[in-house]
Amino acid sequence: MKKLSKPNQPNQKWAGKKTGKFSLGMFSLVICFLYMPLIILVVYSFNESRMMNWGGFSLRWYEELFFSSGSLWQSFGNSAMIAVTSATVSTLIGTLGAIGLYWYNFRFRKAIQLTAFLPMLIPEIIIGVSLLIFFAGLKFQLSLFTIFLAHTTFNIPFVLLVVMARLEEFDFTIIEAAYDLGAREFQALLKVILPTAFPGIMSGFLIAVTLSLEDFVITFFVSGPGSSTLPLHIYSMIRFGVSPVINALSVIVIAGTVVLAVLSRNVVKLVFQQNR
Amino acid sequence: MWTLAPKCLRFTAGMRGKKRVKGSLVTVKNVEKNFGDFHVLKNISLEIKKGEFFSLLGPSGCGKTTLLRIIAGFEDPTSGAVFLDDRNVIPIPANKRPVNTVFQTYALFPHLTIFENVAFPLRLRKVTNNIVKDKVQEFLELVKLPKEGKKLPSQLSGGQKQRVAIARALINEPSVLLLDEPLSALDAKLRQHMLIELDAIHDKIGITFIYVTHDQQEALSVSDRVAVMNEGEVVQIGTPFEIYESPQTPFIAHFIGETNFIKGKVTEILNEKRAMVEFPDLGSSLTVYQDKSLIKGDNVKLTIRPEKIRISTEKPEGLDEKWNVLQGKVDELIYSGFQTKFFIEIGPKRTMFRVFKQHVKFFTDEKAINWKDNVYIWWHNNDGYIVEVEAL
Amino acid sequence: MKKNYGPFYVAPVTVWLACFFVIPISIIVYYSFLTKGINGGVIHKLSLDAFRALYNPTIFQITINTFQVAILATVIMVSFAIPASYFMARSRFKNFFLLLVIIPFWTNFLIRIYAWMAILGNNGIFNNILLSTGIINNHIQFLYNTNAVILVTIYTYLPFAILPLYSTIEKFDFSLLEAARDLGATKWKAMASILLPNIRGGITTAVLFTFIPAFGSYAIPQIIGGTNSYMLGNVIARELTVTRNWPLASSISMVLTVFTTLGVLLFMRFNRSATESARGQKQKTVAAGAKA
């Protein structure tokens, strides 16, 4: 009530700046917290010394990374291969599923949709353990192929989600319009549904690639001898014999992430703009 | 407000004779549609003539869009049939029916150019490129967009998108064009303009148009005939003139335009055409036109359109017994340029009467009627209409 | 009317997930009721041994520890994430800030864990600095305890809390806050009574996104934790690969799943009106991750 007697004062106080010192402080803390470790890795990747004390500038760990880390690059090759194949398959399956779940109604639709999103809600380790037991029961040799199966499984829900989010922006009527104008089901899928959902499909694919490159826990359980991926390789580097090569590798990975993040942002933007 | 005269008036002016009559005769026979326990359509039967501009008019949820979707083939009726000429089309899927739809949301394919949107049906049929080119150009010209072919739908305005949707729906040369609230996303000015253009396209192409709308002015201004729907039923079919001037139920009188209702009781039958009705809410008795055979003691509902009522602060002179005169007080007035809406309080129960006065003369040339003024209102009893009779 | 092609579209997903998700999970459930084999694996004889084995002070202690880590980490993450995302959402540079949060989110998770080892390890930077400045004489063991696990859990999943909160707050109509201030509310009162209730959906999503992975954590306690900071995930892995008691691994997996599901359900129930938006939120967050 007191405020009423001086109506303009509070206004002036908070009209000018939108956010307070508190939220600025918290945000700065968060950013420092997120970046401090990464920056330290970058700095120490140029350290001559093997230990974490500064021994002068050097590129020796990069040299070692690029010229004498054959098994690391082999793991990377495996990771890349699995990422591309599992992302392709999960994008295919997830896209069809999203179209079916979003635009059609049929028996068990709700149940299927719920089940399809469950793998995202269940802790990774459960998926890893269950697949390990499943493959063991089937006497499946654990290999790159089992890793591919596992990755496709956990990628599908994410593709489904992203493509459905894209479909949400469109009217079902464009499909009805296609039928109305004489299109058969397959023609409607090819000429109308897939092109309009394309940006979503593309995002789904990119997310699947990222998740697959990133995954450690599930891969850990379903990988067999000789089927290492980059995260598995990093894990063994961390656990058994830390070498500053890992610092150099981290810098490459961080740089790769930044480039990918900026690039995919622009690519997706471009596609989005074209199709709007 | 709406510059288009009802078509029935132009019909009498001989415009119809020039029109090519093509398209199909559409017969809807005993169509019912249930969604679970909900009866969306209750035994609908309609006959839409060849080349007719036919409107389905009703409030949202009355089932008009469902009926349209059944004709288009997007939904199956629970029972009943739809015939195009003499063929039952219910077993024919949407993509094979000679019927095309203009959607409320336009439903243009966002990834295709305007040209390719219109060409879509031809591409599906693998028509050769030269023919496609000529034909698409022809239809883009029909909708007055000859130069926009290379643009994407996102680069067009609402009205332009609507035209593309029309061109695309017509390029297959359907025998019936269905329009699902095609103008509802446009602003008022543009809507009126597009309506005129739609009418022109209909005159040119001459196929059957079935137009779904909740806007009575749209329906009245372009249709040859209108079916008014409410709660899954067709309540009246007629020319716009019939619908407006002789509504058969209070719902229609209320839904089409604005109107006044008063409840009364027949006290005396004067002759074949006139009856004396007592209106307790007004505290007086009036002579009422009747074409329904009223009986003394019937409870009736009288409707009078607000624009049929005259208003003045001075008592009208020299009126014969065919005029009903009431006295009241201005409770509210809304000036809206071409007309003023008056709300007049009448009688012991302070019943509200709406009266619309058109400003045919310059506003200040007449004696101004102000808030709280005592006024006289009067109307010819031919303009009043009994819409509901409840026998004693 | 046309045929319903829905089942045809959904068939591949259904078959795939039935094979590689539903059946494997069902096998876990089934195995938890079997007897363990002598040399690992299972004997197909029904038994409740695996569940009896759960009545065990060690497992009980580990369950408590798991809850403690997950709840503490979640609470800290969300309470930092709300003001931070509020700042981001109101900033002119919000797209840039979003990118700033997403880059660590996309950087390999093991590398992020390793970064903390480089900082807090016995030969890490922290110890080096403290030793060289003479503040301490012997290195301090920062790693291999529960606090280290909580810290790294927070570090790993903080972006998961920020992204959904950011996308909710961004859609919030900030003039509501001004209206509240105009009507006499203090700044904090306006935040608590207007902002927080309106971003409940985002808070729910943030809690779920952080609690679920933190609760099912395996790699972080495995790498950063010591024997005292074991979590349920580690026990499952140990029973599966070292002790080879598959029924026990299965029954603990079930416990983990049941607790997660219960937690999710309870929280959603508690916050019912918000759950509707949570799903959409999740989609948007994932989509934002893709777009960024």
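To keep things simple, chains are lettered A, B and C as they appear, and every chain counts its residues starting from 1.
One rule holds in what follows: a contact is a pair of C-beta atoms (placed from the backbone, for glycine too) under 8 Å apart; a residue touches a chain by one contact, two chains touch by 3 or more.
This is a predicted model, so every value here is computed, not measured.
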- Among all chains, which one's averaged Cα position is nearest the averaged Cα position of every protein chain shown? A
- Item | Chain of greatest Cα-centre distance to chain A | B
- What chain pair has the highest count of contacting C-beta pairs? A-C
- Item | CA centroid of chain A to CA centroid of chain C, Å | 15
- Query: So, what's the distance in Å between the C-alpha centres of chain C and chain B?
  - Reply: 58
- Let me have the rounded angstrom distance from the C-alpha centre of chain A over to the C-alpha centre of chain B, please. 54
- Item | Set of chain B residues in contact with two or more other chains | 73-74, 93-95
- Query: Touching two or more other chains, which residues of chain A qualify?
  - Reply: 179
- Please list all residues of chain C that touch 2 or more other chains. 2-3
- In their shared complex, at which residues does chain C touch chain A? 2-10, 12-14, 16-17, 20-25, 27-28, 31, 41, 80-81, 83-84, 86-88, 90-91, 97, 99-104, 106-119, 121, 123-125, 128, 132, 155, 158-159, 162, 174, 178, 181-182, 184, 187, 208, 212-213, 215-219, 223, 233, 236-237, 240, 246, 249-250, 253, 256-257, 260-261, 264, 279, 282-284, 286-287, 289-292
- Touch list for chain A against partner chain B, complex: 170-171, 173-174, 176-184, 187, 191-192, 195-196, 198, 275-276
- Task: Provide the residue numbers of chain B that touch chain A in the complex, in ascending order.
- Result: 72-74, 93-96, 99-101, 103-105, 107-112, 120-121, 123-125, 154, 168-169, 172
- Per the touch rule, the chain A residues reaching chain C in their complex are 1, 3-4, 10-11, 14-15, 18-20, 22-24, 26-27, 29-31, 33-38, 40-41, 44, 51-53, 92-94, 96-97, 99-101, 103-106, 109, 112, 115-127, 129-134, 136-137, 149-150, 152-153, 156, 158, 160-162, 164-166, 168, 179, 185, 200, 203-204, 206-207, 210, 213-214, 216-217, 220-221, 230-231, 234-235, 238-239, 242, 246-247, 249-250, 253-254, 257-258, 260-262, 264-265, 268-269, 272
